[in-house]
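Input: structures, listed below.
Both complexes shown next keep chain A, but they swap its partner, so chain B is in the first and chain C is in the second.
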Partner chain A sequence: MKEILRAVPQPHASVSVADLRVDLNGAGIPIVDEVSFELAAGEILGLVGESGSGKTTVGMALLGHSRSGLRITGGSVCIGDKDVLRLSERELRAVRGKSITYVPQDPGTALNPALRIGTQLRESLKGQPATEADVLQLLSDVKLPTVPAFLAAFPHQVSGGQQQRVAIAMAFASRPAAVVLDEPTTGLDVTTQSHVLDTIRRLCAKHGVAAVYVTHDLAVVATLANRVAVMYSGRIVEIGPTSVVLTEPTHPYTRALIRAVPDLDGPILLQGIPGQAPAPTSRPKGCAFLPRCPMSIPACMAAPPSLARVAPYHDVRCIRSDVRVQAAVTAGRESASVERIGPPLLEIKALRAFHGSAEILKGIDLALAHGCSMALVGESGSGKTTLARCISGLHKKIDGLMYYDGQILAAGSRNRAVESRRQIQYIFQNPYASLNPRRSIGEAIAAPLREFESVSNEELRRRVGEVLDQVALSRRAAQQYPHHLSGGQRQRAAIARALIVNPTLLVCDEVTSALDVSIQAVIVELLDRLQQERGISMLFVTHNLPLIRSVAQQVAVMQSGRIVELGAVKDVLSRPKAAETTRLIQDAPHFRQA
Partner chain B sequence: MDWYKDSVYARLVVRRAILGVLTLFLVSLVVFSATQLLPGDTARAVLGRSATPERLEALRAQLHLDDPAILQFARWAGGLLSGDPGISLVNGKPVAELIGPRISNSLVLLGLVGLFGIPPSILLGIYAALRRGRRSDSSVSVVALALAAAPEFVIAIGLILLFSTVVFQWLPPVSMIRPGMSILDRPDILVLPVLTLSLVCFPYIFRMMRASMIEVLESDYMEMAKLKGLSPARLVFLHGLPNAIAPTVQVIALTFAYLAGGVVVVEYVFAFPGIGQGLINAIATRDIPTIQCIVLALAGFYVAVNILADVIVVSVTPRLRARAWQKP
Partner chain C sequence: MATTSFRKAKRLLSLGIGTVGLVLALGVILLAIVGPFVAPHSPLDFAGAPYQPAGDGLLLGADSLGRDVFSRLLAGGSGILALAAVATIMGVLAGAIMGVAAGYLKGAFDELVMRVLDVAMAFPQTILALLFVSIVGPAPWLIALMVGVIHAPQVARVARSASLKVADADFVLFAETTGASSWKIMTREILPNIFDPLLVELGLRFTYSIALIAGLSFLGFGQQPPTPDWGLMINENRIGMAQNPWAVLAPIALIAVLTIGMNLFTDAVSRLTRARSAELNEAEPQSQALDLSSAGSAR
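Now for the complex of A and B:
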């Protein structure tokens, strides 16, 4: 039954990729290897993988492009009957933007800031004659305002969601055979994301466009794609119909990945994948997933497995794909309803906050119990991060009262007593930016301790070692610098830096949003354990609604500077009362439903 | 009074012009104080030790040195504003008459440098950025560095040796003209000074253009433009250049402000009747009214060039002039 799938270009396929290989320039080391798939007109393939898996490299290679330092060295990419990889520069220019187009990850940087939207849209028509009405029609296709003034606007004058719609309109303008979408909804809030996904789905169906949707987000894939290809370390490890791959994942990596994804309807306990993906230069001789695989056998070490068919249209790159594993359904830990008596740890009364003259928070009342974890959710601009910054003293233009442990909490950390500064610690969103690159991890972690206590060097080393243990980083990391560490390790170091002063409240600002899901799950497990073991209270700011089931007992839903709903997570998610909550739940991609 | 609020440019120019006037006022204060601060008797400092008491007295009367400083300043500044910067101490002619032709000669020289020197510098910067890391890029960069390292007069003398004396004898080695004659009557004498100054400003403009173009070429929107399959010319000149030019415009403005007064040596080598040479002569003869006037003219040029640069930068940077779009 096992047959090695050799993708042969088929006449009916819109896009057919065979044995694509992209190398690190000069080194002969493949970043992407043995990638083959086919797409029919109107079909959407979700290309899923974590950072470094090579998914974006594949997406760009479909347009015959490789980023600097990389080179496409083998295989073929046929759009219709043309092999993109065998065209001259001039022919390639004719195909790009015409037969195959590209939607960038971040339209904020991918639209030219110096050119009007109309100019950029018109050039996407590739010289087809177009009246202004035709161009306005492109706007209407993506539900943008169909007025000439919009065409005359510059990209920075419109919102992020509108920018992404412009990019999508550009991609579909020339009625291409295929579109590559590179994580086009990253950075958009759930509502905008859901509208953009609708638009993509509608346009692909209406114009019969084959689409490759590159993403790290399984939930988005579940709602959008007909088929899924899961990439790991430069190769496709599993490819098949979306419903099959997501419900009966066969490759151990796919299975682990799915368990790591928070879901509104799924289990509460997330399981991360220990370890990290190997760098292209240090892949093991056998299967690349081997070091992290729970079911490896000695034969896995021999050679990289090839893609084998396990069911019709379902191929898996694992020699143990015949082993049936019962999907380990983790019983969801019912979130302990925290109805503790006694005075709350943090109490906020009629808090208002301002940026210049704009009122960002318009009267917030909130109480957080000892040892409780509360999620702050809302769209971007709802004021959730500002609230977190007010509490931690980073934002001080405020009006209203805050009490911490019965004491008044002053506005601005400089005005606070040493003790209250120690008790409230803040963890930033982006671990790539929040650690000083010129300080070793050990120094970075020790810095807050030096600030609050005078300790001997020996004591300092001991306590740094202790917190490193608690966040499951090796003690060797103390001597390393941030660039030696992966994103997940950096975020753990940032958590260690907050933990070392024994805080009673951790304010976590989107701490997992810059991380891969497998790493996100590991961080969530860690925070959960810290809450259980040390009784630390947490305020968890996030736009990721499914995630709050795993990290919080209580949730506050925010909208335009107000809390519109507040309650236990399971009540709010199952019986939302505020319209905003209902909308957020509807717009969040549900992935096990598919 | 809000006619100008509608135009970002008008608002910018008005605001900058007000600041510019303030700058000029401060410069004039400094320049004027210099005459007051000369040690001892200004008249003696001007005329030297051998001056007779009669001449000293005459000079004091001419400069109104016995009046209070405020009155002197008011009289001088009032004269400037009404177009009369005073009388030269050296030959008794009006200063305006003396330096007027020099200012126009210098402006012609700078205008020609702007016309013929700057576009090639910009184009070479773009070219080097496009060929980054290749041999053609490094060769242009090495030439630019060598030019930046060479003193201006060395470049000038080198060009004279090459084109006027030793190798070829195509062009006049000096740029002297008869008084009363316009510099434009003798285009040939302009060639070498223009070439020299172009080479002097080339390295700065080239390096800035190359650096900012490289940054732009690596941006997401250039990758996007490439993936749209646009022609190389459209890619570079429509998508790249407007985003890369702003820092270069600032450098050009600074270079020009420097060239206006700072290339005395070059003017000296060619005996070019420009404003820099005029300043040197005035200093040598302690012709205070002329010095004051030239320094103020240079400051005015500096202000004007910078306003122009800001306007150009705003015109290529929509972010600086357009507010958030609202559905009409």
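Now for the complex of A and C:
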């Protein structure tokens, strides 16, 4: 390994971005402004931000690209001695894929489905004489099978993780000075993610490539990046060494963001950030974070603060950065294992489920106590969502027995008693798809109530208002349509729609995975409050292992259609018995140990 | 947000063409409705010599029997338009019901409905209409019914494919878990989401109806002489094309302007609604990055 390191010439190029500005076309409104940072060869910068913060726009701008409707209007992006923003379209094309490369979020769209993997890899070598051995070397760099058969495969014939590694191999093939990685592990399992992150780390060190890793996941940054830049509303609000920023966050936003990230190693009280980031067109005059900031003073309203140095290599955009605040997170309540006497609320016996002829669930036994919250974890394909769908009657091809409150629960919601349909409510993963775009929020929330009770319009309005209050949505939202709401607000509307019929069991299918962490924390807070106040039982499907510390008392770990481990959250996470559990815990990025 | 201004610009442009189309179509429709009341002559009275050329008090000359072409033109549209409207509404309604039901209920019902419609579509449309009209006779209700029947299978296909996209959406599944009836799901959850393509279909089918009904009239299976009718006028006067071309060209021009205008308008509407539904159904924010990936990695 050392020898290889020496054998490869180290390009001492670095990336230097100064005062980058990207505008909304024609409107003169900056989407991204005053972005400056420098990267040494081999360094990895984590560019962190929530959706709409401009992180992807910055990543694109490094390649001199802006998506339609946006225009790069100022600043410079120097790769080595070339300013990418001053190049002609032709020169730019020569630089892209050669000096600076890109790894997109979804490898499925990055690779041409009609070309063999070998052909695409050879293309990425760009003019370099490519022997079969060179191409195979690319494969071994990213730990893919170095066999000709793999080169002859088409992208759809290999797994998502392998596709992403091919995309990474292509990005590193031309020995670029810099790579921009745009959330390349978002769609991957924790195990695959951890392998891909290893690969990126190793390749950057080996070839001395400066990398910008765009992500919303602080845990990934903690394990991967040397430095981290936190973006908020188009500006970098804090930049510094990863260990410093994550342990001693100085900007109030960074601090709030960190408090919103669940922890695998101990239960913490998740605290969301109230409100939402301002749209580029309606930023406040002063600090963009001001409306959500707990420590704002009148001076914050005057003008946007500038980036100021608070420590070596550590810059913060906040006029109150001198105020020291306890950074430590509040420990959450250690979920007491619920030991209740009496029959369980939900009992499942030898449940098997089929998709076509494939057996997805291979004999599930499960019991959920009244008022208890259970997490279902596992990799994609482990059957956790299918199990949730069986329980809520969305999956009908099943075999086995389910009891709810002592009554047999039929397969398929249509065959069930009205009462069990009312008591079990399902909340979908994607709030963008679970609300009818052509119905107002008020109508959508009222619809299930109309199914179960005959209520007057006045009563209906009152109850809709009540649940909107409970999920902390403004009552005005009842008149709005889904596209008026943000993702977090839509998910709260979906929760309100489930709550209005007074359910006893909420089945939550990855309800936070489409949301930003600060919003995720708000939703988790909400669900936790509902569970305590109303004694609702919950089944929480997730692939996010740290999250279960904050939402569940019990956990069932699933693997290939079976439950491999079942127990209290704190026992399972601290003393895992099944190999699958151990593996999931190991591969999950550990955030607070970094 | 960035793309919205772009979309707005495109929307205005398409609205421009659409507006032109709408003005053309509405103009012809207005002409057909108001026409009979402002006609200078009775459409049935003799006003000059057969095939008298334009001029001499007759704006568009006289037809084969010496009746005023302009007056007959003004009077001959309302029948065809009313028939077309009734036929279109019947056809789109029937097609939408069958299509939505097939798309949502799926399975055996879907197969049955769609295969039957396939068989119906296998018959040449005009011949099918001619067959029934020649058996029963050229009654207006039959013509409207036949044209509607001809449209229904095609509308059903469009409605079905649009419904299929919505039928598996999470909000439909949610409605199912609450035990909502199929009828309720189809009318409340699915129909509003496929309203746009159906609206476009309505416009397109209307233009087809006009062409079809005019064609039937031309062949003598529509309105009977001496009733003024655009399709019939073309047939009656084609022998005298050399003497007074207006007697044939004027009804042709009106039918053409109406169909072209209607087409432009529905085209613009379909583009607009597509943009709108893209906005309404916008996916999660992260996937915006997906659109760019190919551009970013372009070499």
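The rule is simple: the second predicted complex is superposed on the first by the 577 of 594 C-alpha atoms of A that agree within 3 Å, B and C clash if a C-alpha of one lies under 4 Å from a C-alpha of the other, contacts with A are read in each partner's own complex, and residues count from 1 in each chain.
Note that a contact is a pair of C-beta atoms (placed from the backbone, for glycine too) under 8 Å apart; a residue touches a chain by one contact, two chains touch by 3 or more.
Note that this is a predicted model, so its numbers are computed, not measured.
Participant: For A:G52, select first, second, both or neither according to whether it touches chain B, chain C, the two together, or no partner.
Facilitator: In the superposition, A:G52 touches chain C alone.
Participant: When the two structures are overlaid on chain A, which partner does A:R202 contact: first (chain B), second (chain C), both, or neither?
Facilitator: neither
Participant: State whether A:Y102 touches chain B only (first), chain C only (second), both chains, or neither.
Facilitator: both
Participant: Could you let me know whether more residues of chain A are touched by chain B or by chain C?
Facilitator: C
Participant: Thinking of the overlay built on chain A, is A:A110 touched by chain B (first), by chain C (second), by both, or by neither?
Facilitator: Once the two structures are laid over each other on A, A:A110 reaches both partners.
Participant: Could you look at A:E123 and tell me whether it touches chain B, chain C, both or neither (first, second, both, neither)?
Facilitator: both
Participant: Is A:P145 contacted by the first partner chain B, the second partner chain C, both or neither?
Facilitator: first
Participant: A:L435 in the overlay: touching chain B, chain C, both, or neither? Say first, second, both or neither.
Facilitator: second
Participant: Taking the superposition as given, does A:V158 touch the first partner, chain B, the second, chain C, both, or neither?
Facilitator: first
Participant: I'd like to know which partner A:L24 touches here: chain B for first, chain C for second, both or neither.
Facilitator: Once the two structures are laid over each other on A, A:L24 reaches chain C alone.
Participant: Where on chain A do chain B and chain C both make contact?
Facilitator: Residues common to the chain A contacts of chain C and of chain B are 60, 63, 65, 67-68, 93, 96-97, 101-102, 104, 106, 109-110, 123-124, 126, listed in rising order.
Participant: Within their complex, state which residues of chain A touch chain C.
Facilitator: Residues in contact with chain C: 24-27, 31, 51-52, 56, 60, 63, 65, 67-70, 93, 96-97, 101-106, 109-110, 123-124, 126, 180, 182-183, 186, 216, 279-281, 392-394, 413-414, 416, 418, 421-422, 424-426, 428, 430, 432-439, 444, 447-448, 451-452, 481-483, 487, 497, 501, 514.
Participant: Can you name the residues of chain C that touch chain A in the complex?
Facilitator: Residues 1-6, 169-171, 173-180, 188-189, 192-193, 195, 277, 279-286, 288-299.
Participant: Help me check something: in the complex, which residues belonging to chain B touch chain A?
Facilitator: Chain B residues touching chain A: 218-221, 223-231, 234, 238-239, 242-243, 316-319, 322-325, 327-328.
Participant: Over in the complex, which chain A residues touch chain B? Could you list them?
Facilitator: 60, 63, 65, 67-68, 92-98, 101-102, 104, 106, 109-115, 123-124, 126, 145, 147, 149-150, 153-154, 156-158, 170
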